[in-house]
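Chains here go by letter, A, B, C and D, matching the order in which they are written, and residues are numbered from 1 within each.
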Amino acid sequence: MSIFIDKGTAVIIQGITGKEGRFWTSHMKDMGTRIVAGVTPGKGGQRVEGIDVFNTVSKACAETPVDASMLFVPPRFVRDAVFEAMDAGIKKIVTVAEGIPLHDAVRIRKAALDRGAMVIGGNTSGVISPGKAMMGFFPYWIERVYRPGNVGIITRSGSLTNEVTAMVVKAGFGVSTLIGVGGDTVPGTRFAELLPLYQNDRETRSVVIIGELGGTMEEEAAELLTAGKFSKPLVAFIAGRNAPQGKKMGHAGAIVTGGKGTASEKIKALRDAGALVAEKPVIVGELLKQALKIQNKRSQRNG
Amino acid sequence: MRIFEYEAKELFKKNGIPVPVSALVEEPSELEKVLIDIPGPWVLKPQVLFGARGKAGLIKFADSKEAAVTGAEELWGTGRGIKKILIEEKIQVQRELYLSITIDPGKACAVIIASAQGGTDIETLAVSGKKDILCEYIDLDIGIMPFNARKTAYGIGLDNGLISQYVSVVTSLYNIFEESDAGLVEINPLFISGGGRIVAGDGKMIVDDFSLYRHPEIAVTGERFEDDLEYEAFQKGIPYLKLNGDIALMCAGAGLTTTVYDLIVDNGGTVANYLEFGGPNYTRATAAMELCLKSLSKVILIVTFGTIARADVMAEGVVKAIKKLKPKQPVVTCIRGTNEEKAEQILKKAGLIPLKDTEEAVRTAIELANC
Amino acid sequence: MRIFEYEAKELFKKNGIPVPVSALVEEPSELEKVLIDIPGPWVLKPQVLFGARGKAGLIKFADSKEAAVTGAEELWGTGRGIKKILIEEKIQVQRELYLSITIDPGKACAVIIASAQGGTDIETLAVSGKKDILCEYIDLDIGIMPFNARKTAYGIGLDNGLISQYVSVVTSLYNIFEESDAGLVEINPLFISGGGRIVAGDGKMIVDDFSLYRHPEIAVTGERFEDDLEYEAFQKGIPYLKLNGDIALMCAGAGLTTTVYDLIVDNGGTVANYLEFGGPNYTRATAAMELCLKSLSKVILIVTFGTIARADVMAEGVVKAIKKLKPKQPVVTCIRGTNEEKAEQILKKAGLIPLKDTEEAVRTAIELANC
Amino acid sequence: MSIFIDKGTAVIIQGITGKEGRFWTSHMKDMGTRIVAGVTPGKGGQRVEGIDVFNTVSKACAETPVDASMLFVPPRFVRDAVFEAMDAGIKKIVTVAEGIPLHDAVRIRKAALDRGAMVIGGNTSGVISPGKAMMGFFPYWIERVYRPGNVGIITRSGSLTNEVTAMVVKAGFGVSTLIGVGGDTVPGTRFAELLPLYQNDRETRSVVIIGELGGTMEEEAAELLTAGKFSKPLVAFIAGRNAPQGKKMGHAGAIVTGGKGTASEKIKALRDAGALVAEKPVIVGELLKQALKIQNKRSQRNG
C-alpha cells in the first residue's frame, strides 16, 4: 500500500473529455490506475477510453464509490472543480493546472484544511507510485526515472524532478511515491504535511526533497525533523543558491526579499535538522547511500 | 503585476483611505501649475517600481518652487528611467506606522501586518525576530470584521482618538486587497499627522499575474517592467529575466532552469538571461530563441528533461529555430525525456552535439563562452 | 418585509434574469399606451402581497385590447384593494419549473430549492414527501459556485441546451438573495418558453425586517401591509396582527401572547388583535392600548410575566393609559413578575382587579366579552 | 456541576460599559456568577462593578483564563462581537440581542458549528442555573419561578417561560438549568443540540421543552427521542395550537405556511416519540409527575 494513490484507489477524472484529459486518462489507465468515472458538464452519457462520463461529480459518486479526483481543468475553473469534488465528499484531489488565481488557491487550501481533504497542486505533474498508479502527467515510461523502489520524493518542480530522480535511480534506488506539491505560491499541500505520510509508509525507507528558493516549505520540513516527527533518512536538493536577490526566479513562489526564503537559509535549516543537502543533483544518490548508512549504524546501536 | 504608487494612492482615495494632496507630472512644463494648485512644502516622488527610493536619494523635498523645479529636473536627469513624478503636499508627521496585507500560504489566510514602527527599517525589524510586528489572520471567505482591525489598532498601541480612523483604513485596505486579487498591498509609512490625521505616506501593491484576466482595469504596459525584453517576454507568455552575463539559458521548467543557473555560477560562468522553455512553451523554440538572441549572449544553453514536453518535439523546434534565426553564437543542447533517442538523432542530423548530462552541458557552455 | 412582484422583477432584470416585457399601470388612462408598447396577448397581474392570486381568479389573460381593458377594470373593481396592475407579454410556455432560495436554520446555510414541476402545486408536492424537489446548500461565507447551480440544473433533468441559461439564473438569484438580506426569493413558475428561453414567470421576495437598516432602497410604505393598523404598529415597533374577534390582546412576549390566544380559542372566545406589550415595549402601554382600541374590541386583556419588564412599571403604564385613553370596554389585567406586589397595589388603587392566574384572566375576559 | 454555566465558569462581558451591560453585570455577580473581565472597545482600563475592562477580547483572554462570553451588544454589532469571542478561542457565548440580521445569524451559527463553539441566542434571556450562576437577564429573585432543583428547561420564549416554570415550581419541582435558545428564525443553538447535555447532566432528572409553532426544532427533539439519544422524562408545552394559518404569530421564526411547522404537527411528533405534551401551562407540573412515575416503573422493571 503506497501513499495517496495505489492500485486500488478509485479515481475520477474531472475534465475527462478535453484533449489533455483524454490523453492522460489513457496513460493513467495503461499504467494501472483504477479510473472509475469521468466528469465533464454537458458531456454526461458519453464514454472516454471506455469510462463513463457524468455531468456532475455528485452523480459520478452516486454511481460508484470514489476515493480521489484528478482534475484536468483550466486554471480559471479549478476552484469550482475542487469545491465540487470536496462537496461530493472526495478527500484526495490533484490539480495540475498552471495559473490558478492566487486568492482562489488560498480559498482552496483553506477549504481543504477545514474539511480534512488534501489537494495536491496546482502547477504540478501530480502524484505517481511507479509500477502502480498515477494521478497526473508523468512520463512513467522513462525507465531511468520512474523505477519502483523505496525512496519517497517530494518536489516543487517538474523537469528538475526528472533530473534529480534520474540520479537517485542511477545510484541503484527506485521510487516509492513521488508527489509534486507544485510551483505555485500557495500549493494545496505543503512538504511538512506530506512527510508524516512517508514516515508511516512501509514502502518508503528514505525521502528526497526537491526544493527551491522562496517561501518557507523547506524550513517547515526542517522543523518537523527537529521535532522528531520524521525520522527516516532525508536528503534534499535546493535550487537557487546563486539566484540574484530581489529577482523573481524559479516558480511563482520563488521571490526572495530581504534575505528571507533564500536557498542558503533553507539549506542551513535542513542541515541543522539533520538532513543531508546536495549541492548539485548528481550527488543526491551518493548522499542517499550515506544517509541510509548513518541510519543503519544508528539502528544497530539502538538494536 | 506591480502597481505604481500613484495608482495605488488613487485606489486608496477611492476607497476612503486619506492620501496627501498630489498631482502627477511628466514634464517640466506641467510643474508650474501643480506647484500653484498644491500648497508647499512639497515632496517629489519618482514613480518607479524598484524599492528603497529614499535610500537611493530619489525622494526630494522642496520648500520653495525653485527647489521643487530643481529637484524634479534632478530626478529626470538621473538616467534611471524616471518619467512620472508625483508631487505631494508634505505632511507634518508626528509618527510613522507600518501596515500591509499579504497572503500566508501555510495558514491559507490573508494576513494583516501592522507595526508601530514604520519607515524604511521595517524589513530589518522583520528579520530581527518580528518584535513589535503584529499579524492578524483573515479567512478570505469570511472577510475582515471590525474586531480584526481593532485588534491591530490596540495591538500596536494606538491612542483611542485614532482607533476609528485606523480601523477604517485597515478595512478599506483589506477590501482593496481582496477586490484587486492582490498578493501584497502595503502602506509604509502610514503617517499620523501633527493634526492627528492618519494618511497613507506611500502605496505599494502587487496584483497576482494569474488574476489579471479579472482585472481589465489594470493595463499591462511596458512601464511596469524593468526591461523592454522582459515586457516582450511577458506578452509572449515566456518566463524571462534579463541579466548581464555570457550564457543565455533556454531551459525547461523553473526548477531546472534555476539549477542550471546555480551550476553556471558554481563553475565560474555568467548568465545572459533566464528563460523557461518548457511547460506550455515547449513547442515555441523560435520565440524563445529570439529572446535569447536579443540578450546579446556568447552561448545559448538548452537543458531540458521533459515531463509533458516531448524531447523529439523540442529538438525539432530547436533545429527549426536555428535554421530560421541563424544564431552566430554556439548552441549547446542537453534535451532529455520522452523520445530522447529520437531527439538525439534529430540534433545530430542538424549538426548539433546532443549532450545527455546537465553538468557536462554547463561546462561545455562555459568553455565556449570563454573562447 | 414583502416585496411586490414588479419590484422583484425589476431586481431580476437588473441582475440579468430574463423577465417578460411588462409595464405597471395604476389607472385606466395608462392602459392604452401600455397595450401599444407591449405586444399582445397579455397577462394582467394585480400587485398584491397575498398568495394564490391565480387560484383566486385574480390573474387575467387577454388576447385583445378590449379584453385587456375589461380585465383590468374587473381587477380594480374586486374590492380587494388592488391598485397596481402589472401588464406583461404572455410567454408561450413549454414547461414550468420551480426555483427558490431560502435559509436552512439547522444547517445554517442558504438552500436553493429547485423542481422540474413548478406552478401552483409546488406546496402540495413539498408536503407529499419532497419528491422531485432538489435542495442545494450554500455556505453564506463561501457563496454560490457554478457547480452548485449545475447540480440543481442536472438534478431536475434540464436539457444540455438550457443548462448555461439556468446556471446564470440561479447564480443571479443567489446574488439577489445575498445582497438583499432576503429570507426568501422565489420564482414560481420559472418558464421555459417555446423558443427555449428561460424566463421568470413570477417573483416573490421577503427581505429580513432586522436587515432593513442596511437597505435604504426598500421604502417601508403602507402598501406592504395587509392592514393600515398593522402598518401603524410596525412603524411604532409594536408586533401586532389585526384579527376580527372580541378580545384585544396586550400581552408580554410572543410565546405568552400566543398561549393566551390558544386559551381564548379553547374557551370559546375570539381575538380582536394580537399585540406584544413586552420586551422593549413594556414602558409603552399607551401606544399599545391605542392600537388595541382601534381594533374595535369588546374587552382588553393584559397578561404579562415579566423578564426584564418590571410588573410595577407595566401596571403604572396601564393605569396611565386608561386615564388618558378612557377605553369604553373593560380592561382585564394579569400582570406578574418583578415587583408584582407593588403592581397589584397600583392596579387596585386605580380600581382594576389584579388577577394572578392566566386562565382565570382569559375566562374573565371571555365572560365580559359575552355580556 | 450544571450545564453550560456553573459557579466556577469564568465569564467575560462584552459590552460591559453600556447601560444594560452594567445593570445585569451587577445582577449576575450578585447571583454568584464568576465574572472575570469586561470588554468594550475604547474603554480599556476602566472598571465596572469592580471588574477590569479591556479593549479587545483577546487582551482580556491574555490576562485571565476565560470559559464563556456574555454579550450585551446591539444587534448590528453582534456578528462582530461573536466572531471576536470565537477568534479568542471562547467556546460558550450567549447573546441576548433582539434584532440580529438574519444572514448574520446564519453566519454566526455556521461558524460556531465549524469551530465546535456554542452560541446561545439571540433574542433570549440567556442561561440560568438557579442558585449558582447565570448569563443573561433573568429575574432570578422571583422565587416561585427560579427555584433550584432537578428539572431542565429549554425554551424559545421569555414571559411564557416564567408562566410555565412557575407551574413546574408550584408542583414542587425546581430548575437545574434553564436555557433560552431564543425566538429568532436562526438561533445559534437548537433544542436537539441541548438535550444531550441534559442527558449527561447528573442534576437533571427530567426536562421541559417550551416550544411554539414555526420552524422544526421541536420535531428535531422528537427525532432525538425516537433515536434513543435522550431517555429522561420529557414534558413539552407548545404554543400556537389555534394560530390562524399564514399569519406570522409568535416569534420571528413562527410563520406557518402550507401546514408545515404547525403546533399540532409538533405535538404529534413529540407524543409519538414518547414525550408528554401539555395542552396548557397549568398542567405541566402534573405531567412531569406522571413522566417521572412512568420512568420509575420502567427502571424498577429493568432493575
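Quick notes on this structure:
The rule is short, and it goes like this: a residue touches a chain if its C-beta (ideal position, glycine included) is under 8 Å from a C-beta of that chain, and two chains touch if they have at least 3 such contacts.
As the structure is a computational prediction, the values presented were derived from the model and not from experiment.
Within the contact network of the assembly, the step distance from chain B to chain D comes to 1. Averaging C-alpha coordinates per chain places the centre of chain B 56 Å away from that of chain C. With centres defined as mean CA coordinates, chain D is found 49 Å away from chain A. In terms of their C-alpha centroids, the spacing between chain A and chain B amounts to 28 Å.
Under the contact definition stated at the top, the residues of chain C that touch 2 or more other chains are 139, 141-142. Under the contact definition stated at the top, the residues of chain A that touch 2 or more other chains are 107, 111.
An unclassified topology is adopted by the chain contact network, corresponding to no line, ring, star or complete arrangement.
Chain pairs that touch, as defined above: A-B, A-C, B-C, B-D, C-D. Within the complex formed with chain B, the chain A residues making contact are 75-76, 98-103, 106-107, 109-111, 113, 125, 137-139, 141-142, 155-163, 166, 183, 185-187, 190, 210, 212-213, 215-216, 220, 239-244, 246-254, 257-260, 263, 279-282. Contacts from chain B toward chain D in the complex involve residues 142, 145-148, 150-151, 154, 160, 163. By the touch rule above, chain C contacts chain B in their complex via residues 139, 141-143. Across the complex, chain A is touched by residues 51, 103, 105-106, 108-110, 123, 126-127, 139-141, 178, 181, 183, 208-211, 213-214, 241, 243, 251-259, 261-266, 274, 278-280, 304-309, 336-338, 358-359 of chain B. Considering their complex, residues 41-42, 44, 55-59, 77, 79-81, 83-84, 87, 107, 111 of chain A touch chain C.
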